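Beneath this line is the structure, given in C-alpha cells, with notes to follow.
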Amino acid sequence: MSATPTPAIVQLQGVTKRFGSFTAVERTNLEIPTNAFFALLGPSGCGKTTLLRMLAGFESPTEGSILIDGQEMSRVPPNRRPVNMVFQSYAVFPHMTVAENVAYGLKVSGVPRAEIGPRVRDALAMVRLTGLEGRKPDQMSGGQRQRVALARALVKRPKVLLLDEPLSALDKKLREEMQLELVRLQHEVGITFIVVTHDQEEALSMADRIAVMEKGRILQIAPPRELYEQPNCRFVAGFIGAMNLFEAQVRAADNGHAQLEVKGVGALQVPVDHTPPRGPATLAVRPEKLRLFTARPEAQGARLSGLVEQLAYFGDTSQVYVRLGDGERVTVTHHNATRSTAAGLAAGQPVWLGFDPADAILLTD
Amino acid sequence: MESWRAQPLVFLVFLLPGLFWLALFFFIPLGLIWGIALGERVGPAEIEITWTLQNYIHALDPLYLGLFVKSFWIALLATALCLVLSFPVALAISFAPARIKPLLLLLIILPFWTNLLIRTYAMIAVLRTQGYVNWSLEWLWGVGKLLLAPIGFEPVLGESFTPLQLLYNNTAVVVGIVYVYLPFMVLPLYATLDKLDRSYLEASLDLGASQLRTFFAVTVPLAMPGIVSGIILVFIPALGTFLISDLLGGPDSQLIGNVIERQFKSANNLPLGSAMSFILLYITFVALALRAWLSRRAERDG
Amino acid sequence: MADRPGPLDYLRRWWLRGWILAVVVFLYAPIVCLVVFSFNDSRRNIVWQGFTLDYYGRALRNASLIEAFTNSLVVALVATVLSTIIGALLALALWRFRFVGRSAVEAGSALPIVIPEICMGVALLVFFTRVGWPTGLVWPLNLSSVIFSHVAFAFPFVTVVVRARMEGFDRSLEEASKDLGASEWQTFWNVTLPYMKPGLIAGALLAMTLSLDDFVITFFTSGPETLTFPVKVYSMVRFGATPEVNAASTVLIVVTILLTIIAIRLQSPAKQEG
C-alpha cells in the first residue's frame, strides 16, 4: 500500500457479506480519501446499500475488516462510530419537533446543554431551516424533512456522512436543487460524504469519485469524467450513459496502439493505455461521439452506413436509431445545431456514420 | 360509501339484525341494571326504582371501596407484569426473520385457543402445595442437600422441606391473571412494532444513542398506541375478574368481581350489585375515553 | 450465518431467546402438565405412576359431564352460525352505507368487546329473569338463553374482523362487475362475497372459540339443566381437582385444536384467491 497525500478515512479490506446463501458483497477492497464526495453507484441489489450499512454498523461483515479513521470497526456498535447517516426514508422522528430531532444526537452523547442550543441553531441555518424549529415532521414537505435529516446528522460533526439514496424520494426539480445543495454543504463542512445511488446522473454531477458496483463487486473506481470516457468493462460502459458496442478482434498491439478487425467497420487502429491481449474484444463508441451524414461524405472517417429506423426529438438533440447493413442497431446523438438540422431526417432515409478512433474505447473483458 | 337512501331495503337487511340483537341482549339488560342500581328492594324479589343514590354510596363505603382499590392495584400490577413480560417477546418477534415470524406468533396465540377455565385450573395443579412448582423445589432442595453434605453445610437447608404456600393468596391471583391475559398484551404490541419503520431505531443508534436509550426515547413512544391497547385489553378484564380470584385466591383475595357475583347469586342484593357493576363500567368508559383522547392527540401531533 | 448479529437482530441475542423461552414455558407448562397427567395412574400424587386411560373412561361414564360437553358444542355451533350472519351483515352496513348515527352504531357494537364480562353477565341474568324467559323447555330449546347471550358478545367480534377485511376491498371491482352487466345481487355473490370469505371464516372461528371458551357469561345465564362444559368443570374444581377433569379438559383442548386446524385448512385456499 503506497502512501497517499490524503490518507484514507475509510478502508475496506476483503469485506464479504453473505445473507444465508446469497452473497451481497464479495471480497471488496476500497479506500475512500478524506474529504471526498464519494458515490457508490450500481443497479438495485448490487450490494451498495449493504456496504453502506456495514459502514454505519447495521450489518456486520461475514469476512474482512472495515477501518474508519484507522480504527477497526467490527466490534464497535453503530452508536459509537464516528459516522452518521441520512436514511432513504429520512427517519425523522415523528414524535419530536425539528429542534428536538436535531438536538437528539447531541443530547444522547452527553454534549453539555449550553452547547446544544447554539449548535442546533447553526445546523438548521446551514440547511436553511431557520424558523421551523417548532414544527413536527408531518407538517413538512419531503424536501424539508430531508434537510432535517441532514442537519441532524451533520450537527454531530461525524468524520464521514453516509447518504442512502438521498434524492430518490424527491421530484425532479427539487432533486436538481438538492444536488447542488449537497455539494455546497460538503465544501462548507469539509466532511467525507459517501452517497449510495442508482442514478448515474446524480453520481456524475455530485461526486468527485465514483465506485461502480455490480453483483457484490466493485468494477471501477474513478472520477466522473474518467468513468464516462474510459470505462474499464462492458458493464460500466453500458451502465454509465448510453454506448454502442461493436464486436472486434485484436490482431496486434504495440506502443500505445492496437490493430483491430471490427465487425461492420473493418480494420481499424485505436490508441490504448494498456496493451490488450490478442483475441476477441469489444469496441465501444458513445452516441454523441458518432457523426451523422445524410450524404456519403468525401472526408475520411465515415465507416458505417445504414437506414434511419426511428427518431426521438429532444429539442437540443435528437436520438437517431440507425439500422446498419449487418442488422445491428446503433444510437446516434445528433445535435440540432441549426434550425433546419432536425427537419432533414426521416425514418427510412439512408445515412452514413463516422467517428474518430481516439473517441473509441477498447474493452477486453 | 353511499347514502343508505340509494338502497334502503338492502341497508335495513344489513343493519337491523345486528341493531336488534345489540338492543335486546345488550343495551336493554344494561339499562335494567342501571335502573336497578338506582332502586330499592321492597320484597324478596321486588325492586322499585326510586332514583336513590344509596346503592352507589353503599358501594363506595370503606369496606367495598377498599375492595375496589385492591382490585385496581391487583389489575394494575398484573397489567404491568404483562407489559414487562410481553415487550421483549413482541419486539423479538417483530424483528425476527420473516419465515419464522408466523410460527413464533402462533406459539404465543395458541394458548389463547384453550379454554380460560382449563387454563386457570391448570394453574392450580402447578401452584398447589403438592403441585409441580413445589415438587421441583423439593427436588432442588434434595440436590442442594446432597451437594452441601460433604462440606457440612446441609443444616442451612433445614431438617425437612416445607412446601411453599403458592396457591390461595394474592400472588397466585396476579400470576393467574398474567398467565391468562398475556397473549392479549403481546398481540397489540406486536401489531404496532411490526409496522414500525426500523430505520427510526437505526437512526437513533446512528446518532449515538445506546440500545437502552433508543428503546425508551424512540421505540416506546412510537409503540404507544399498541401499549395503550394492550393495557386496556388486559386491565379491564383483570379489573372485573372473579373466576381467577375465586379459584386461585385465598379468603383475603376477594376482588370486586367476587362481591358482584355474590350479590346476584347468593346475597341477592341486586341494587348493590348493579351499582358496583356500573362503577366498573364507568371506570371502563373513563379508560376508553382516555385512549380515544390519547389517540386523537397522537393523530394531531403526527 | 456465522457473522456477528446486527444491532436490530434482537432474536439473535441470548437473553432475549431465554426470555422468549421462559414466556413460552410459562404459557405451555401448565397445559402440558395437565394433558400428561390425565394419563397418570395416580389420584393425588403428581409423580408419574404409569399410563392409564382410566380417567377417560370415568369421564365418559360421567353422564352430567357428557351432557355439559354436548351442550357446549351445540351452543358453540348455533351461536357461531348466528353471530357470523349477524356480524357480517352489520359489518357490510357500516362499510357500505352512510347514515345518521353511523358512528354511534359503530361504537355501540364495539362495546360488548370492551366492557368487563361480569357486567354483561349480571345484566343478562337480570334480563332473563325479569322478562320471564321460558325455562324448563325441552333440550335443546332450553339452551336458547345461553345461545342468545353468546351471540350478543360474539357477533361484534365478527363485525370487527369482517370490516377489517373489507377495508382492503376495491369498490371499483363492484363497479366493473356492474359495468359488465351483472345485477346488484350477482355482483354481491360473485365479487363481494368471495373477497369477504377469509374474513367470514376468521370471524366464525373467533366466534366459535369465544363461545367454547366462555365461562363468565354462561355462568350467569345457564340454569342447572343447561350447564356448559366450563361451568360444569368449575363446579367440579370447586369440590376438588380430580383426574377426570384433566381427562375431559384434554378432550376439549384436542377438539379446539382440531377445529382450528380444520379452519386454517379451509382458509388457506381462500387466502390465495384474496
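Every chain is named by a letter (A, B and C) in the order it is written, and numbering of its residues begins at 1.
Note that in this section a contact is a pair of C-beta atoms (placed from the backbone, for glycine too) under 8 Å apart; a residue touches a chain by one contact, two chains touch by 3 or more.
Predicted model only: the values in this text are computed from it and were never measured.
Judged by the touch criterion defined above, the protein chains are all mutually in contact, each touching every other. When every chain is reduced to the mean of its CA atoms, the largest separation from subunit B belongs to A.
Contact tally for A-B versus B-C: the pair with more C-beta pairs in contact is B-C.
With each centre defined as the average position of its C-alpha atoms, the distance from subunit A to subunit B rounds to 56 Å. Each chain gets one centre point, the mean of its Cα atoms, and the points for subunit B and subunit C are 18 Å apart. Of all residues in subunit B, those that touch two or more other chains are 202, 205, 211.
Counting partners per residue, subunit C has 7-8 as the residues that reach two or more other chains. Within subunit A, the positions touching two or more other chains are listed as 57-58, 77-78.
Of all residues in subunit A, those touching subunit C in their complex are 17-20, 57-62, 74, 77-78. Only residues 197, 199-200, 202-211, 213-214, 217-218, 221-222, 301-302 of subunit B touch subunit A when the two sit together in their complex.
Residue ranges on subunit B touching subunit C, taken from their complex, read 1-4, 7, 10-11, 13-15, 17-19, 21-22, 25-30, 32-33, 36, 85-86, 88-89, 91-93, 95-97, 104, 107-108, 111-119, 121-126, 130-132, 135, 179, 182-183, 198, 201-202, 205, 211, 232, 236-237, 239-243, 247, 257, 260-261, 264, 270, 273-274, 277-278, 280-281, 284, 288. Against subunit B, the residues of subunit C that register as touching in their complex are 7-11, 16-17, 19-20, 23-24, 26-31, 33-34, 37, 44-47, 85-87, 89-90, 92-93, 95-99, 105, 108-109, 111-112, 114-120, 122-127, 130, 148-149, 151-152, 155-156, 159, 184, 209, 212-216, 220, 229-230, 233-234, 237-238, 241, 245-246, 249, 252-253, 256-257, 260. Those residues of subunit C lying in contact with subunit A across their complex are 1-8.
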